[in-house]
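Let me begin by presenting the structure, written as C-alpha cells, before commenting on it.
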Amino acid sequence: MARFLKKRTLKLGQPPGTLVHIGDKKLDDVAVTVYHYNTTVYEERTLSTVEECASFRDCKEVAWIDVNGLHNTDVLRSIGESFEIHDLTLEDILNTDQRPKVEEYDSYLYISVKMLDFLPDGKIGVEQVSIVLKDNVVISFQENVGDIFNSVREDLRKARGRIRRESADYMAYTLLDRIVDHYFVLMEDLGDRVEALEDSMIEHPPATIGRQINDLKREILVLRRSVWPMREVMNILVRADSRFIRPSTGMFMQDVYDHIIHVIETLEIFRELLSGTLDVYLTSAGNRLNEVMKVLTIIATIFIPLTFIVGVYGMNFHYMPELAWRWGYPATWVVMLSVAGGLIFFFKRKGWI
Amino acid sequence: MARFLKKRTLKLGQPPGTLVHIGDKKLDDVAVTVYHYNTTVYEERTLSTVEECASFRDCKEVAWIDVNGLHNTDVLRSIGESFEIHDLTLEDILNTDQRPKVEEYDSYLYISVKMLDFLPDGKIGVEQVSIVLKDNVVISFQENVGDIFNSVREDLRKARGRIRRESADYMAYTLLDRIVDHYFVLMEDLGDRVEALEDSMIEHPPATIGRQINDLKREILVLRRSVWPMREVMNILVRADSRFIRPSTGMFMQDVYDHIIHVIETLEIFRELLSGTLDVYLTSAGNRLNEVMKVLTIIATIFIPLTFIVGVYGMNFHYMPELAWRWGYPATWVVMLSVAGGLIFFFKRKGWI
Amino acid sequence: MARFLKKRTLKLGQPPGTLVHIGDKKLDDVAVTVYHYNTTVYEERTLSTVEECASFRDCKEVAWIDVNGLHNTDVLRSIGESFEIHDLTLEDILNTDQRPKVEEYDSYLYISVKMLDFLPDGKIGVEQVSIVLKDNVVISFQENVGDIFNSVREDLRKARGRIRRESADYMAYTLLDRIVDHYFVLMEDLGDRVEALEDSMIEHPPATIGRQINDLKREILVLRRSVWPMREVMNILVRADSRFIRPSTGMFMQDVYDHIIHVIETLEIFRELLSGTLDVYLTSAGNRLNEVMKVLTIIATIFIPLTFIVGVYGMNFHYMPELAWRWGYPATWVVMLSVAGGLIFFFKRKGWI
Amino acid sequence: MARFLKKRTLKLGQPPGTLVHIGDKKLDDVAVTVYHYNTTVYEERTLSTVEECASFRDCKEVAWIDVNGLHNTDVLRSIGESFEIHDLTLEDILNTDQRPKVEEYDSYLYISVKMLDFLPDGKIGVEQVSIVLKDNVVISFQENVGDIFNSVREDLRKARGRIRRESADYMAYTLLDRIVDHYFVLMEDLGDRVEALEDSMIEHPPATIGRQINDLKREILVLRRSVWPMREVMNILVRADSRFIRPSTGMFMQDVYDHIIHVIETLEIFRELLSGTLDVYLTSAGNRLNEVMKVLTIIATIFIPLTFIVGVYGMNFHYMPELAWRWGYPATWVVMLSVAGGLIFFFKRKGWI
Amino acid sequence: MARFLKKRTLKLGQPPGTLVHIGDKKLDDVAVTVYHYNTTVYEERTLSTVEECASFRDCKEVAWIDVNGLHNTDVLRSIGESFEIHDLTLEDILNTDQRPKVEEYDSYLYISVKMLDFLPDGKIGVEQVSIVLKDNVVISFQENVGDIFNSVREDLRKARGRIRRESADYMAYTLLDRIVDHYFVLMEDLGDRVEALEDSMIEHPPATIGRQINDLKREILVLRRSVWPMREVMNILVRADSRFIRPSTGMFMQDVYDHIIHVIETLEIFRELLSGTLDVYLTSAGNRLNEVMKVLTIIATIFIPLTFIVGVYGMNFHYMPELAWRWGYPATWVVMLSVAGGLIFFFKRKGWI
C-alpha cells in the first residue's frame, strides 16, 4: 500500500508547521548546486554550505538552485529563511505524499509535481519535485539525484535552445517540460505491455491473465494519480495571471498542458483496452468450458445407455430367455447401434455436434 | 443499518426548533471545559455550571469552550442563550446524523464535521463534532470525550507551535486539522487490509473473499460519506470571504482542504483496487473450475467407452463367438488401448491436456 | 408500470389548459378546510362551498386552505379563479404524474412535491402535494386526506412552536418539512430491509435473493425519482430571491434542503450496499458450485477407473489366464487400491482436496 | 443500422449549400396547406403552386404553412426564397438525420425536432419536423402527412382553447406540445413491455430473455437519442430571450420542457429496470444450474461407489472366497446401504440436500 | 499500440522548439501547391522551391497553400519563416501524435485536426491535418496526399458553390467540413459491421464473438479519440470571437459542430449496442450450457441407478436366491422401469424436462 499512501504517523498530533520528512531517505547527503546564467554568463557551483545560496537571492542573472535530498530538515529550514518561504510550503516540500499543486504566495510561486520513472523491479517509482519560482531564482527540490534534468544542464552548458536567453519562469517551464516528457517513456512501456497482453490472448491466454491485467491496472492507477492533478496545475499556470509567469512563457506552459491531456486520454484508453481484454478472455474461457461440456455430454450420454444394456445381459438370472436365443447377441448390437445413432442424430439436430 | 441512518422517529411530527438528541448517549455527564489564553496568559477551567461560560463571551483573550456530551439538552439550550446561537444550529448540534456543513450566521460561523476512529470491534466509528466560531470564542461540541484533541491541549499548555499567538479562527483550524489528520490513521489501516487481501489472492484465495471485499467496501462507504462533504466544507472555509476567518488562517485551511482531497482520491483508489481484486478472484476461480472440468472430462470420456467394451464381453449370451476365440481377450485389450490412445490424442490436439 | 408512468391518454390531443385529472380518484368528496390564524386568533373551518374561500383572499391573518381530493375539476377551477391561479398551474395540480418543481408567478409561488408513504401492501405509495403560496395565504392540494399534516394542525391548535407567530411562507415551510421528515420513516424501513437481506446472506442465502435485491432496487428507484428533483426545488427556495420567501424563512428552508441531501446520499449508499450484496451472493454461489464440482470430480474420477478394472475381470472370455491365477483376485485389489491412492495423491498435490 | 445513421453518401464532396434530401421518400407529392387565422378570421387553403405562399409573408393575421413531403427540393428552394431562409437552414430541413436543435437567424427562428410514432412492425419510427418561426408566420416541414397535428387543425377550426387568440409563437408551441405529448404514448407502450418482461420472469423466464431485453434497450436508445437533445432545445426556448418568443409563451414552453425532463427520467428508469431484470435472470439461471448440478452430483456420487462394489463381485476369478460365503450376498447389501447412507449423511451435513 | 501512442523517444531531452517529425514518413517528396483565387481570378501552381510561397503572403486574393508531406523539416522551417509561424506551432505541425486543438496567435489561427480514412487492411488510419489561417492565406499541412480535398479542388476550378466568392476563413471551413463529412463514411462502415455482428447473433453466434466485439470497440476508441476533442475545437471556432473568423463563416462552423456532435452521439450508441450484444451473447451462451447440463443430468441420473441394479444381479455369489426365481428377470425389469418412470416424473415436476 506504500505506493498509494505513505506513513505519516510520525507527524500525527504535531502542531502545524513542524517540519518532518514524510518519505524514504534516498540519499546520504543533501547536495545543493547552483546554476547561475544569462545570455553571456554561465557559472555552475556545488555549494558546501547552505548559507551560500542566500547570495543568489537578489542577483540580476537567473539562478537555478538544484536541491537533491530532503531528509535533512535543517538544510531546508535554512533555505526557507534565505528566500522567505512560508512554513506551510516547507512542510509541503517535505511531505512527499501529496497531490501535485500550485500555490501563489506574495514573493514566490510554489509548484509541486510528480516525477515518474521505472524502479529496478520494473514498477513505476514516484518522486516528488517541488519548484519555488521567484523573480530571478528557481529552486527545485528532489528526493533523489535525478538524471531527467541532466539534459537541462547540458542545454545550459552548451547554450542550446533559448534557455539562456529567457528568464526564470522559462527555467521553471523547462523543468516541468522534461518531467512531463518523461511520462511518455512510461506510457510507451505501458502501451507495449498492454499490446503484449492482447497478443497473448490470440494465441494461448495464460491462466494468470486476470492477475496480469490487474497489475497493469495498478500501474495505470499509480500514473493516473500523479498525472490527473497535473492537469489542474498546468491549467492554473496557463490561465491564471500570476505575476511570476510572463505571457510568452504561458504559451509554452500551454504546450505542457496539452501533453498532460494527451497522457490522461491515453491512460483512459489503456484502461478501456484492458477491460476489453478481460471481456474477451472471459467470453473465450466461457466458450472453452462450453465446448468441453459438450464433448463430455455427448460421450457420456451415448455410452451410459449402452453400458446399461450390456449390464442387463450380464445378469445371472436362471430364466433369461434372450440369452438362449440364437440371434440374441447380434440383436443386442443392433439395438445398441440404433440407440447410439438415435442419440447422435438428436444431438446433431440440437446443433451440439 | 444504524451506521448509515440513525433513528429519528422520536423527532417525527415535532415542530421545528424542538431540541431532541438524535444519537446514542455515550457519556454520563456533560463536561464543559474552558481554555482561556493569549500569548502570555493561559488558564484551563472545568466549569461546574453552564452559566459560568457566559462570562467568556466578551473576553479579549481567546476562549475555547470544549463541550463533551450532548444528551443533556438543557446544557445546550443554556449555552445557546449565552452565545446567541440560533435554534436551527442547536438542532443541528444535537442531530448527530447529518452531513458535514458550514453555515454563516450574523454573529458566528457554524461548522459541523465528522470525527472518525476505530471502535473496539475494529469497525469505524463516526462521531459528530460541531464547532461554533465567534470573534474570540470557539465552542466545540462532541458526543464523547475525544483523545484526538489531547494534542491540542498539550500545544496550548506548552505554548508549542503558533497556537497561543493566533486568534480564535486559528483554534478552529487546529481542531479541524487534528480531525482530518486522524483520517490518515484509518486510511493506513484500510490500506493495510486491502493489501493483505491482495496478498492472500496470490497464495490461496479464501472462499470468503467476496464477503471480505464487501466488508472493506462498506468501511470505505462509511469513510466516504463522512469525508466527501468535508471537501465542500473546507472549500467554503478557504474561498468564502467569511469575516470570521482571517486571510492568513485561510492559507492554513487550504492545507486541510488538500488533505481532504488526498483522502478522497485514496479512497477512490482503494475502491478500484478492491474491484480489481474481485475481478482477479472471479477469473482465477473460473480458471480453476475449467481445469477441474477438464480433468473430469478426460478421465470420464476415456473410461466410459472402455467400461462399455468390457461390459459387452461380460454378457451371458449363449452364442457369443468372440468369447471362444483364442485371442479374444488380448484383442479386446488391443481395442481398448487403441480407443484410449485415440481419445488422448484427440484431447491433446484440442489442447485440453 | 403504473408506478413509473401514469396513463395520460385521456389528455392526448386536448388543447393546453384543458383541466383533466391524471391519477386515481382516491376520495369520494373534495374537502376544503381553512385554518385561519395569527398569534392571537385561531379559527378552523370546513367549507361547504368552494366560493367561501375567496373571502380569505385579502385577510390580514394567515390562512391555510387545505384541499383534499383532486378529481372534481370544478372545485379547482373555482379556487383558481378566486386566487388568480394560472391555467398551467391548475393543470399541474391535476396532473399528479409530474416532477417536483417550483415556479414563480406574478402573484404566487407554486411548489409541487411528492408525499411518500407505505401502501397497505408494503410498497411505497407516491402522492402529489401542490402548494400555492401567496402573501398571506397558503393553499395545499392533496389527492388524499393525509395524516402527515395532522401534527401541523395540532401545532396550530395548541400554538406549539413558532408557527402561529410566523407568516404564510413559514406555513409553507412547515408543510414541506413534515413531508420530508416523513421520508426518513421510509428510509429507515428500507434500511432495515437491506440489512435483513445482508444478514440472510451470512446464514443461508435464499434462492430468491436476486429478485429480492431487485425489488428493493425498485423501491429505491421510486424514492429516488421523487426525492432527486426535490433537491432542485429546495435549492431554488433557499437561494432564489423570491419575494414570497422571507430571508428568515430561507434559513429554515436550508434545513429541509440538508435533509433532502441526506436522503439522496443514503439512497445512493443503499444502492451500493445492494449491488455489493449481489456481488457477495454471486461469488459465494460460484464458490459453492466449485466445491460441488470438486466432490463430483474426485468421487467420479476415483471410481470410474476402478469400475473399469472390475469390468475387465467380469468378462466371460474362455481364455483369460488371470482368472485362474491363485492370487488374481487379491492382486486386482492391490492394483485398484494403488490406482485410487495415486489419484488421491494427485488431487491432493493439485490442492483440490 | 439505418435507424441510427442514415446514408449521406450522396452528399459527400458536394459544396456546402447543395440541397440534397437525406432520408426516405415517403410521399408521392409535396402538399402545402396554409391555415390563416386570427380571433375572428379563419381560412384553410391547400396551395396548388408553392409561389402562392409568398403572399402570406407580410399578412397581419397568423399563418401556419404546413409542408408535407421533403423529397422535392425545388419546392423547398422556392419557399426558402419567399421567406428569406438561409441555405444552411434549408439543408438542415432536408437532412432528416440530424440532432434536434434550435437556431436563431436575423429574420426567423429555426427549430428542428423529432416526431416519434410506431411503425406498422411495432418498432419506433422517427420523423423529423422542422419549424420556421417568423413574426406572423409558422412554417412546419414534415416528411410525411402526420395525424399528430390533426388535433391542432381541429382546435383551429373549432376555435378551441386559446390558439386563435394567440400569435405565431403560440402556434409553434402548440406543434411542439403535440409532438412531445405523443412521446408519452410510446413511453406507455414501452412501460407495458418492460412490465410484461418482468412478469414473465416470475413465472417462467423465456430462453430468449437476453434478446428481448436487448430489443427493448434498443428502442430506448432510439427514443433517448431523439429526446435528449430536446432538453437543450426546450431549455433555449424557455430561457433565451429570443425576440420571436414572447414571455407569456415562454411559460408554456416551460411546460413542454418539464414534459421532456419527465420522459428522459422515465427512460433512465426503464433502463435501470431492464438491467435489474437481466441481473435477476442471470442469478436465477445460475441458481437453477446449481440445483441441477447438485442433483447430478448426489445421484452420481451415491451410485458410482455402489456400482463399483457390485462390479467387484461380478468378476469371474476362480478363487474369490467371498462368493462362496453363505452371507456374502446379504453382507454386500449391508455394505452398500452403509456407503449410501454415509454419503447421504455427508451431503446433508454439507447442506447440499 | 502504435495506433494509440507514437514513439516520441527521438525527441526526449531536446530543448523545446527543436523540430523533429514524430510519425511515419509517408511520401518521398514534400509537395507544395498553391491555389490562388478570387471571384474572377483562378490560378493553381505547384511550387518547385518553398521560398516561392512567400510571395503569396500579402496578396489581395485568397491563397490556399497545400503542403503534402512533413518529414522534411527544412521545408517547414522555411514556410514558418515566410509566414511568421511560432516555433511551437511548427513543432505541433510535425508532432502528428497530438490532440486536435485550436490556438490563436497574433498573426494567425492554428487549427489541428484528424483526418480519418480506411487503411488497406480495413483498419482506420489517422492522419493529422494542420491548418494555419491568416488574413488572406490558408496553409494546410498533411502527411500524405489526401484525396479527401480533391472535391475542394474541383469546386475551386469549376467555381462551384460559394467558395470562390468567400474569403480565407471560408476556405478553412471548407477543409474542416470535408474532413468531418468523411467521418460519416467510416461511421456507416462501422454501423454496418455492428449490424452484421448483431445479425450473426440471431442465427449462430461465432465462437470468436468476444474478439470481434473487442475489435469493433477498438475501432470506436480510435474514432472517439480523434473526434471527441474536435467538439472543443469547433466550439471554440463557433463561439470565440477570433478576428480570423467572420460571423457569417461562424454560422457554417456551427454546421460542422453539429456534425461532430452527431458523430459523437452515434459512437456512444455503437458502444451501447456492442455491450448489449455482448450481454445477449453471454446470456444465450449461459442458456445453452444450462440446456446441455440438463440433458446430461437427466440421462445420467436415469441410467446410473439402473446400471447399478443390473450390476447387482451380475454378481457371482453362490447364494443369491433372486437369481433362481422364475419371475426374477421380469421383476427386475419392472423395478427398473418404475425407477426410470419415477425419476422422469420427478424431473417433470421440477420443470427440468
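In this document, chain identifiers A, B, C, D and E correspond to the written order of the chains, with residue numbering beginning at 1 in each.
The rule is short, and it goes like this: contacts are C-beta pairs under 8 Å (C-beta built on N, C-alpha and C of every residue); 3 or more make two chains touch, one makes a residue touch a chain.
All figures in this text were calculated on a predicted structure; none of them were measured in a lab.
K.L.:
Using the touch definition from the top, how many steps at minimum link chain C to chain E?
P.N.:
2
K.L.:
Chains shared as neighbours by chain D and chain E?
P.N.:
none
K.L.:
Chain D and chain C are one sequence twice: same or different residues at the contact, by the over-half rule?
P.N.:
Different, since most residue numbers here occur in only one copy.
K.L.:
Measuring from the mean C-alpha position of chain A to the mean C-alpha position of chain B, what distance in angstrom results?
P.N.:
Centres of chain A and chain B (C-alpha means) sit 25 Å apart.
K.L.:
Please report how many Å separate the Cα centroid of chain B from that of chain E, as a whole number.
P.N.:
Using C-alpha averages as centres, the distance is 41 Å.
K.L.:
Find every residue in chain E that makes contact with two or more other chains and list them.
P.N.:
In chain E, residues 282, 289, 293, 296, 300, 304, 307, 311, 314-316, 320 touch at least two other chains, as defined above.
K.L.:
List the ring in order: which chains come, beginning at chain A and going next to chain E?
P.N.:
Sequence of chains in the ring starting at chain A, next chain E: A, E, D, C, B.
K.L.:
Where on chain A is chain B touching in the complex?
P.N.:
1, 4-5, 7-9, 11-18, 86, 88, 91, 97-99, 101, 103, 204, 207, 209-211, 213-214, 217-218, 221, 225, 278, 281-282, 285, 288-289, 292-293, 295-296, 299-300, 303-304, 306-307, 310-311, 313-316, 320, 322-326, 328-329, 332
K.L.:
Under the definition above, what is the set of chain D residues touching chain C in their complex?
P.N.:
Those residues of chain D that touch chain C are 150-151, 155, 160-163, 173-174, 177-178, 181-182, 184-185, 187-188, 191-192, 194-195, 201-202, 251-252, 254-255, 258, 261-262, 265-266, 269-270, 272-273, 276-277, 279-280, 282-284, 286-287, 289-291, 293-294, 296-297, 300-301, 304-305, 307-308, 311-312, 314-320, 351-352.
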